[in-house]
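Each of the next two complexes has subunit A plus one more chain, namely subunit B in the first and subunit C in the second.
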Partner chain A sequence: MKRSTLSSDEKAAARAELRHHQWLAFSLVLPLLCFLLFSFIAPISTLLLRSVYHPNVQQLIPHTIALLNEWDGHDLPNNNLMIQMAIELKKLAKQREAGELAQEINRNLAGSASQIKITARQLRQIDDAILMHKGQTYLQDAHPAWRDKAIWFAIKKAGQVFTDQYYLTALDLEKNAQGKIQSRQDINLYIALFLKTLKMAFIVTGLTLILGYPLAYYLASAPARTANVLFIFVLLPFWTSILVRTTAWIALLQTNGVINASLLWLDIIKQPLPLLYNQFSTIIVMTHILLPLMILPLYAVMKSIDPCYVRAAGSLGAKPVRIFLTVYFPMTLSGLSAGILLVFILFIGYFITPALVGGTDGQLISNIIAFHMQKSNNWALASALGALLLLFIIVLYWLFDRLTDPNKLKLV
Partner chain B sequence: MSSFPSYYTISHKISFVLLKLFAFLVLFFLMLPLLIVIPLSFNIEPYFSFTQGMLKLDPNAYSLKWYHAFFSTPIWLTAIKNSLFIATASALLATTLGTLAALGLSANTMPFKRFIMAIFLSPMIVPLIITAAGMFFFYAKFNLVGTYLGLILAHTSLGIPFVIITVCASLKSFDQNLYNAARLCGASPIRAFFNITFPLIKPGILSGALFAFVTSLDEIVLVLFLAGPEQRTIPRQMFSGLREQINPTILAVSTLLTLMTILLLISLSLLRRNEKAP
Partner chain C sequence: MANENVFLQFNAIKKSYDHKQLVVKDFNLSVAAGEFVTLLGPSGSGKTSVLMLVAGFEGVTSGDILINGVSIKCLAPHQRNIGMVFQNYALFPHMTVSQNLAYPLKVRKWPKKRIQSQINTFLEMIELTAFAKRYPSQLSGGQKQRVALARALIFEPSLVLMDEPLGALDKKLREQMQFEITRLHKQLQFTVLYVTHDQEEALTMSDRIAVFSEGIVQQCAKPYILYEHPDNAFVADFIGENNMIKGICHHQHEQHADIGILQNERIHAQTTARLKPNQACVISIRPEKISIKRLIEATPESIHHSLTATFYIKHYVGGYIRYYFQLSDGSTIMVKSLNVHHPLQLEPQEKVQLIWSIDHAHAFIIDSTT
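Let's turn to the complex of A and B:
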């Protein structure tokens, strides 16, 4: 019979030792894990929660919402509900919060903001006891649209605490009165923006590829001394501040900027060209910003290709085009896919450059997220759009992870 | 590249010259913005284009007045102070936490290595606008929006992936036996770390710290969402300058920042050389 080399006591001791080492390693990681949990993971989770959890309206008019949840929607809400609405609206008017409610409801029913504000203004002066009695009359006298079911549907919808409506809006969908999901007839806003972002991402990725591949090939095949010097011209722009590069491009592309002034001086054009604040400038500047990220992985891969393969193919009689297509190009595929995905991923999440040089035409999906965060205060919609963008990027990044080896990149 | 191998045909040579030409054009495209900004920042006129005088190299067409404006405007001086303070604090925090974690991650016994690594690298992957929105929601609950602490936390998160990558890379080439030998000779873990491990992985730690510092210094999206009027940084000031009144002071700032980039690149490549030398 074969005897185990370790006694059971020794095995237990070894296991305890291993567990001790695991704890030791883990305790070194723990501070950073806790830090990121607070500073980064929790914020992202809050954003994801915010995209489905929207208690604002429910907090503003809790009793009305509670009654509306029982309302069947066949007839107008009963007097009891209307009275409750009048009382809560008056309370909001006193606290100067009626505008907030108006903004929320207006997202579900365009034009209802003024109705709510006008009514709130009129109800302000009226005594609670009177409202208790015939609030419905005051409500309907203030604005006839309170006799319409549409406003009540809009309030009921806005009062839902957990909702998928912001995801539907982000995908240009809506629920009809029967609760079936359908596409929105009136506008096709966000899908169009997602598609525009993708289209421009393809263009910029294509341009960086066309410009970057030959340059990377040249740098990889040039003598080491030349290549090292020329590589500085790739790394210097790469490390320069994004804002500096964007500033420089504004100086170049402005109506009275360097390019227009030179073209006018050379008599090539008679009028300055509109080069800035459109899709064109976004594409040019983004190509410039992302080009080094295409060159770096391509260069890393090309540098590791043994020139013997190309020479061998040549001495066996293959023509240059055939050598490139069947021997060289396939060996660069890993760097190529890394560069393409890197540029693509960074482009679709980019915010600052389109915001500065894009005008209205060159705005991307991240700019509309910023718009809903800062201007329209529709935070739930911004969160839903952000969550969709994040999902898309995680899928792309997963692809990136499978296709590349990050240790090979030369960044300095 | 005048000497081609003798077996090269004419078409070989022509295509190589064309390739070289194309490569230089692309390099020119890459360098063009920087080449334009530097001379324009000395323009005496408040324009973003070259004046007749500048083209004739007339010394009167050039001036240092935008640099003077930069260093004498209180708002820019506050911006410099804010940028340096936030970048230094977040680089220090990111380097300390990141180095500790990298030491743990490089241990063979570390459980859930891949998963934890993914968490540490995630701030680099998530688009900044999403990070900014999430932080705005979450930090508001703790009254951290519009405070230095909030910005430092935010920028530290962004710097951590760089520290993890560089320190893990230098720990990979570090021979663990050296540390074990020190321990066997009776050194405490802390002493063994500071006398043996730390000096050997120092270039990695320093370049990680530099990366984190630059990331914070150049960051604008999180600043736009989280900073109050008191925390205006240089990029924030440039951003509003570009949006509101375009003024060549921004070009002077750009030139100074570019100079800083050059210094940074030099120090990073020196660090790399040190790491390779022994």
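Let's turn to the complex of A and C:
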């Protein structure tokens, strides 16, 4: 027991050495850290921010929004507010930015875009001094809808800098005039799309599992030469560009494609089957594309399982089925969960293949996100949808992690 | 061995993996119930293959294996009721110690209470009661090996196979486990077929040892017979240390051969082989059977069981000392002598007489080594 403690000098030396190692380790990961910061953390944070922070309208008509925030919503806004609106709308008209405002408001109140554009065009010619006086009349003369409270609610809502409305929209919810959350009356789009994506993700994961597990087992137990040849067949699609593979499938599946033509020629069907541009084609092609990602982790785990475990179970008296269920299968769980997670997560976020072969029926949540970013220019909604997807995957990962409990799977 | 005593019998077993080469060539062996038989041989000699055939992991190419007179050739591994201990333990990593032990009992549908009491008995026996809830990854090598042993014994098989079970342990643990295995064997009276390449392990533990080389059993006998009366040069060389001196047979009379070595010297040796005159042979003499005499004390009458040699180096090993000598043709002879009160101090290049009892020289035909 004597002298088992360190002297202060020795402690300092040990600490210094540890610090040195830590610095070394840190400097080694630093480039990756920087890369992650720019390519991952920054974009994700922007995405999360954009889904709740939306200052566009507030920047376009700041004074009107300030006044609207004090408006109680019982009657029409007072003249002062209307004048402010008229003045700011005229300014926007002169700067040719009225269209942008119209687009923003239109998201909250369908049809308001033309109202704003018409008004802006008429106000452009009128002098500021006159507008200061009688702006409200000009506004209401230009379009009668300014006498309706609906437009003002829409503007007020659009003017909120921090808002949860995109999340509500993404979940098919909305706030009514009293500020209560209710499900949207008109359309029920995103939840259905989420559910469809989920359902198809389950199907594709299940298919890759059914196809991949036996194949991975065979690969892991086959002699090296056979396994190498087979592995090339597994990896070949993996090395080919996704676009090439998807196009190949289009050639196979389309109405006059290889499959339909052969079936017609063999007289098995009278009319071409609708194989492309539906859920079926999305599932088939996605299964093909994601299959290697199921096989690889399974193979890695199976390869590392010593055959002596199966032999031991046999010598202890277990029949083959029991050996598989109680010994072999539990030992592959880590690879299985890795494969399932990979396929599932990749499928949920997959964009290009459903876009190419999915038609309208085979579209996934990722395609609608892309639509909102590229076509409808609604980045906030796209961000909200993306953030929900991210949250969903994190929850899923956590659940899976809990279920498979990798701690128990430490190999000897 | 009397025939009614035979428990496990191998009849002319042959095994080939690639349809070209035989890994096991004509293996015959009878094992009595409760016997501890070791298959000993260098790696690649086919001893593990024999074990795999008994366990049923590999099929027999030709021949038959009988247990109590019944062929087990066509039974699947799970129908054979044979316990097996693997070199790397093969404990199921996703099960605790007690779950591992319960596995063969659950398969056999024992009632829960009986399973629990059996597990407790065996945990006590291997002194790991406190570790019942641990996973294999939380155990040390020796502990894992004891659990593996208990798992192979817990369902009370009449035959237990052990495939180099102590190969992965360090020397001290290995000796401890050897003791443990022999103790359990005495206590539970099961039959053991044990595979190892460690001859010391084989000699200490076994009732009989079958020495394997190139798929053939060179000799199967009790440990002391293997050591004292090897059948051929391979066994003589493989078991323990030995001095092998090349010679030419002059004549043989019953079990005694007169052999010429070096230029002109004659040595008498025991032999079980039939040596023809002028046939090349080797004489083996154990290094500890040789004593060293200074030339002044030399006994000239022991002319046919002694040699003159030149000392050149000695190795101090602790319990004994190894002396190395050179014969006139340059070949080396090693002598082991116990490190007693006054170990012999020899001068470099000193000539000495090496002398041994006439029973301790054995002559073998040279060809049987290959």
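The definition used in the following text is that the second predicted complex is superposed on the first by the 347 of 412 C-alpha atoms of A that agree within 3 Å, B and C clash if a C-alpha of one lies under 4 Å from a C-alpha of the other, contacts with A are read in each partner's own complex, and residues count from 1 in each chain.
Operating definition for what follows: contacts are C-beta pairs under 8 Å (C-beta built on N, C-alpha and C of every residue); 3 or more make two chains touch, one makes a residue touch a chain.
Since this is a predicted model, take the numbers as computed values, not measurements.
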{"item": "Per-residue touch tally on subunit A - higher for subunit B or for subunit C", "value": "B"}
{"item": "Which of subunit B and subunit C A:Met331 touches, first, second, both or neither", "value": "second"}
{"item": "Touching partner for A:Gly212 - first (subunit B), second (subunit C), both, neither", "value": "first"}
{"item": "First, second, both or neither for A:Ala261, with subunit B first and subunit C second", "value": "first"}
{"item": "Touching partner for A:Cys308 - first (subunit B), second (subunit C), both, neither", "value": "second"}
{"item": "First (subunit B), second (subunit C), both or neither touched by A:Leu235", "value": "first"}
{"item": "Residues on subunit A lying within both footprints (that of subunit B and that of subunit C)", "value": "320, 412"}
{"item": "Sites on subunit A touched by subunit C in the complex", "value": "306, 308-309, 311-320, 322, 326-327, 330-331, 333, 408-412"}
{"item": "Subunit C - residues contacting subunit A, complex", "value": "55-57, 76-78, 80-84, 86, 88-94, 103-104, 107-108, 135-137, 144, 151-152, 155, 161"}
{"item": "In the complex with subunit A, residue positions of subunit B that touch it", "value": "1, 11-12, 15, 19-20, 22-23, 26-27, 29-34, 36-37, 40, 47-50, 97-98, 100-101, 103-105, 107, 109-111, 116, 119-120, 122-123, 125-139, 153-154, 156-157, 160, 165, 169, 207, 214, 217-218, 220-221, 224-225, 235, 238-239, 242-243, 246, 250-251, 253-254, 257-258, 261-262, 264-265, 268-269, 272"}
{"item": "For the subunit A and subunit B complex, residues of the former touching the latter", "value": "18, 21-22, 24-29, 31-33, 35-36, 38-47, 50, 211-212, 214-215, 217-219, 222-223, 230, 232-237, 239-252, 254, 256-258, 261, 288, 291-292, 320, 345, 348-352, 356, 366, 369-370, 373-374, 379, 382-383, 386, 389-390, 393-394, 397, 406-407, 412"}
